[in-house]
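Both complexes shown next keep chain A, but they swap its partner, so chain B is in the first and chain C is in the second.
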Partner chain A sequence: MTAVLQRAAPPAPRLRRDRRRWVWGLGGLALLGWALAGSGLLSGPVLNPAGTGQVGRFLAAAVRPELGAEFLRVVAGSTLVTVAYAVLGAGLAVLIGALGAIPASRTTWGRRRSGWLLTRGGLALPRGLHEAVWGLLLVNVLGLDPWVGVLAIAVPYGAITAKVFADLLDEVPRGGYRALLAAGAGRGAATLYGLLPPAAGGLLSYSFYRLECAVRSAVVLGLIGAGGLGYQLALSFTSLRWEQVWTTVYALALLCLLADVAGRAVRRRVAAPRPGSRRDPLLTGAVLAVLALAGWAVGYLALSPAALVSARTREQVAYVASAAWPPATDGDLLAAVWSASVETVRMSVLAVAFATAGAVALAGLVARPGGPTGPGRRALGVLTRLALLLLRAVPPPVWALVLLFVLLPGVLPGALALGVYTLGVLGRLVGEAVEEADRRPGDALRASGASPVGAWLYGSVPALAGPVLALALYRWEVVVRDTVFVGLLGAGGIGVLLSAATSSFDWPAVTTVLIAIVLLTVVVDLVGARARTALR
Partner chain B sequence: MRLTGIEVRFGGTPALAGVDLAVAAGERVAVVGASGAGKSTLLGVLNGAVPPTAGSVRVLGQDPAALRGRELRRLRARTGTVHQHLELAGQLRVVHNVNAGRLGAWSAARAAWSLVHPQGADDVLAALSRVGLADRAYERTDRLSGGQRQRVALARLLVQRPELVLADEPASALDPALADQALGLLGELATGRGGALLACLHDPALALRHCDRVVGLAAGRVVLDAPAHTLTVAALEGFYGVSR
Partner chain C sequence: MRPARAARSGGFVPGSDPLPTFSRRTLLTGTGALLAATLAGCGTGSAAAPGDPGPLRIGAIPDQDPEVLQRLFGTVAGSLSADLDLDVEYRPVTDYAAAVSLFRTGDLDLVWFGGLTGVQARLQARGAVPIAQRDIDEEFHSVFVVNTATGLAPADDLASLADLRFTYGSETSTSGRLMPAYYLREAGVDPEGFPGGPGFSGSHDATIALVASGTYQAGVLNEQVWRSRTESGEVDPAVVAYARTPAYHDYHWLLGPGAVARFGGGLGGRLTGWFTGLSAGDPDDAAVLELFGAGSFLPTEAANYRQIEEIGRDLGLVS
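== the complex of A and B ==
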């Protein structure tokens, strides 16, 4: 008798596509196509031939910046003003953040989530507005007072810092804290002994990161008139003194670079403390130096608390507050806000797409290769990294001003300016991701005869696609805020509306535009967060 | 294939020091030796991943060092390797990792399109069912167990259909039955196409069952080279320094 039992063959498996990813991927492509269609790139002229001569002169001046003693003294003074704004702005922001973290942390509210939600919602407003927008509003209330520069940094940074500090505290493992509570300690004391010590490194590190960003912000605030290097740059620019422009650009690039390098050194030290010594001289020195700088800055800027509470200020605040509510709702304005918002989204999408494509294309050059290489390849790598560094050392509005010479106003100059700057940032991040990625799957494929493209597609892309897209989405959130800002300087988008409304003191319209900006940033943040989870 | 006077140095220490080895078509060779003896390096020299510091290599009648571009790729496509650490892309679905074995024959456009719409799925499914994984074809590779991943790497070789098969501990994570099956497949794959198999194996019994010849390495030198039927499991264990 033979066995007739035969196991049924398992049904052939079917390819089940990840629908969420496809929807997000195709949606992203559609968004990009829509942004491209609206950029004017595919229809009509975008170049401004009249400006090319000016650009030639501008570029020629790069090699002969103004180095006269008098101008150098002016630049040095402006640099100090910028540094003073940055230190005070960041310092105040950390203070606000530390206080704000209490109501913004889950630990404080326990199970009563409503208070927590309310605080978080309240923080979204100051966070959603770019420093320059705050600067513009504060100038109208405080006049030309040094507080404008300091507060324009401190208010949005304070809100972000409060949120991040609260998250850091909430992420600390609860064990120690609960043990202290169980032992009868009050909640304040338990926080001091059980939550702060483990979070201290993260808090310190983030504070220094904020200082680093504040230097950049202080530079760009100058462009809207708050003084310092940015102001000097705007002056030289409007008077077409290209040699001076370049001196200022070099100074601010150097300053941003210095902040970047110093900040990273400090943060790296926080992340990997040196064993043995109880107090790290570098960290102690850095903290003391910042405190000393803050003390000096108060004197240097002649900051007086009286200006904040003077009768004039109070009058002005009361006036603006009463004039600004209710927001304007006439049809023309709403239509303008809508089309400007659309333009802003288009600009930001184009900028991020350009930067991401550029960063991916350059990643092979930026990443230090694993194996031995020729001197030519190494030199090319160093050059590319330097170029990226220059791209991100010059703030986006400066790029916008330059591009407005050659391009007609519209979506494109702003998008390119932001794209160029973001390429500087993303290029480095993507290069680092490539360096950290495992090279062996690709090597194995090359050893079995795969073409370079094949080995890249099957060996490297799978591991890198997720992280790179996540980075790009994070940058998109930043770029939307920056888009508003380059718009303030005339590069298009909703920023243009805002600067028009403020300069004509049309406060109800200002309120409407501000609401639109906050909504826009909130929506972009939400979409970005959803897309990231879908890609994970 | 033939190696003459091969020397490989990483920095100062030599990983291979003067290896001469010739393997004829149809041979199944087990490479044995203590950890760090240079087995993986030897396979690397053969598939071109490790450039020798000195000596000459001939693979399938050609000198890889003299070839460039397309010619070199064509030769490499005729050499298949199961790596010790597998080197699969964990984020890809199994089907793509198997198809990666055909990248030597595919154009870049086809390779890219296959990531959207898997090409030659029938071949992939056939290869996977030979290693008992047909039902996992569309899962993400990093969701599989270690032994299952090892079998994915084998399936990749099955669709690549190389002549020279290099296998670096291809059965280290497999149970005894699957290990036997895997080595059987590899031997068949290589000799069936008139090629040869070189497998690094830590299990003496497995080596003797599936190979015709055993080459022993110690500190980068060939110290043993004998037909399998002249050796016993006990002798090989002695070679590894197992005392009984």
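== the complex of A and C ==
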């Protein structure tokens, strides 16, 4: 007894604020302040109330979309093209990812880090360019071949999939792998039988997530002429036929919804496997269905591997390569690239801040409540989720023009256009995070008499802040790549330079701008990754 | 051993699996064989027989009503195909630069280009020949429009536009960018110097809508589009015409060198003959002419676009 008393009490863990988080938090606020200062929001009028009539036309058309039989037939055919591109693009990306994961994983290289670093650096190039930019480049080499759409999705997606697959392989428990190695198995066999089985669930889950994303990307590719729904949307958008635009948006939203629901069902099942049965019929069925769909798509798009290695393709690659190298380095261009990059960062920060604020504000409505609720609350939840679906089904360039009707030209319309679109994506993700969060702390506070707001602030927010900010940081990198789209219309950003260079066929300048875009995404990616580690 | 344990350790459990139990190896081999078969099948299917020139692929820059053009282009393709005994195929494009690239790669044989895109295409595909233009293209004009809130009355003096928020159409549009920028500079206005920089609305219709909303106080567009929209009463009364540019050559059909090699040297002449022979009296021909908003088609030649090329070089749009 005395011995116990005499021993010094163990030091209680001191509750102190993590200094790193403070630095990142203040840095983030400073960045936001700088972006706001540059947006013109604080320095003068930004609204153009006279344009409400034009926005009214856009919104009014939403309730009377074009439903003529002829147009619906066009839309139905285009939907099939979009599905075919999405399935083949995502499928090829998973294949590339599986092969690329080998040189991208730490397991392969062991202690020799140089090869690993080199591969990771190499992956930044395909990953840093938007699918639409890949599409633009591929059109110049492959012309109207359907490979343009497939590869434009498969190349950037393949690179990111390789990275994620490698991380998944590196992170699974390695007991089986080590045991196999110790028993004398070769490294290949040990990987196949010791590493792959425990990682299989994660790999499958991520593959289906990619497929969901590919549907939205396939639409974006249509905007550059690869066909499908996005293509019909772009045509009708050029003449501002809003009724037709809305019809394609609804078709697109439906497609996204199907992909979301199916993908989520598969991912949920992977996360919580049914006990007992040997092979889950739902998962087997999903994989077989996607394979069948891919087989159909190859036939539907008339995809021929011969086109990739034809003499004409080689000739065009040579033409573009010789025209585009070396990159332009004149001072005027470099100065323009620099100021456009700064504007791009501004735009992306504003967009992500807007989307995050909106997503947090709507999270309570989006998340399906845990307990029993009234029909009013349920209807409100469904409506909010549908609204978010539409926000992400309308492509950013359309939002940019619509917002430009009521805002004066500048960084703001572009930033808000990206923000609105990102809100559609982030709103859903944050809602899911809320659904999956631990409800017990909040419930305990409420049971002990805390007000609902107090219970939410002290019970739910602390646990959610980390995941929500991490999601926002992930989207930041995506938004930087998306700014390429909304640069026109005097909104600024690096998209203006890219579009000026491509439309005047100034290939050396195109190379310079593309290098700048890749560097920009790498920097944002690194900063985001650092900030996320501070949040953990 | 209980069934669940047996299953986990890989043993055979009768009736535990609702799907046919085939081994992983069978599944993989089967899928692989299926994919290989599909790929091989379409590889042989799409190869053209030697000596067959294939279809004549026509396209158009997405300028005025591209959705109408795309959805009605069957008219042109059908009419052309019947009269010249050619297999004609329409391949739609959504982007000015993509149309030029596709002409270079030979994916498009005959394209309806604007003045500037036609020059860009001829510079990239040596040996391309202009085939025909519309009657209105010989003397084409652009219209500067202003929002009524500016209080500007129609005039010839472009200098008063210099201090307004101003938008062009598409970046490489001849009537929505190139020629207006040239005439602005002639009038002493820096074509890139508008407050906040000029905007690029992306299309003639978007220019009208953005000037109507007042986001941009002034803009410029193709006179043909302006006329057709004013006549149909679609234009918001807040937009009025301010000035009209002098005349210049614009749109034309351009035939690629690849098509001449495939179909023979006489193709250019036959096409010019077909276009110029279209008459408003014939109902089929009239449909084609109406689609292009033309009274008739006329022959044209590369020399007509020399001024456009020079201006394009000056403005850094032709390299």
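The criterion applied here is as follows: the second predicted complex is superposed on the first by the 416 of 536 C-alpha atoms of A that agree within 3 Å, B and C clash if a C-alpha of one lies under 4 Å from a C-alpha of the other, contacts with A are read in each partner's own complex, and residues count from 1 in each chain.
In this text, contacts are C-beta pairs under 8 Å (C-beta built on N, C-alpha and C of every residue); 3 or more make two chains touch, one makes a residue touch a chain.
Everything quoted here is computed from the prediction, not taken from an experiment.
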Figure out whether A:A455 sits in contact with chain B (first) or chain C (second), or with both, or with neither.
first
Tell me which partner A:P409 touches in the superposition: chain B (first), chain C (second), both or neither.
second
Report for A:L445: first if it touches chain B alone, second if chain C alone, otherwise both or neither.
first
Check the residue A:P305 against both partner chains and state whether it touches chain B (first), chain C (second), both, or neither.
second
Which of the two partners, first being chain B and second being chain C, lies in contact with A:L380: first, second, both, or neither?
neither
Touching A:A321, do we find chain B (first), chain C (second), both, or neither?
neither
Between chain B and chain C, whom does A:S499 touch in the aligned arrangement: first, second, both, or neither?
second
Kindly list the residues of chain A that each of chain B and chain C touches, one partner per complex.
none
Can you tell me which positions in chain C touch chain A when the two form their complex?
3-4, 7, 13, 16-19, 21, 31, 34-35, 38-39, 41-43, 45-47, 62, 64-68, 70-71, 91-98, 100-102, 104-108, 120, 124, 149, 165, 167, 171-172, 196-203, 205-206, 209-210, 212-216, 236, 238, 316-319
State the interface residues of chain A toward chain B in the complex, per the touch definition above.
10, 12-16, 440-441, 443-451, 453-455, 457-459, 462-463, 465-466
Residue ranges of chain A touching chain C (in the complex, touch as defined)
48, 50-51, 53-54, 70, 74, 136, 139-144, 222-225, 231-232, 234-236, 238-241, 244, 275-279, 281, 284-285, 291, 294-295, 298-299, 302-306, 312, 316, 319, 397, 401, 404-410, 488-490, 492, 499-500, 502-506
So in the complex, the part of chain B that touches chain A is made up of which residues?
47-49, 73-81, 83, 85, 87-93, 95-97, 99-101, 103-106, 108, 111-112, 115, 118, 121, 125, 134-138, 160, 162
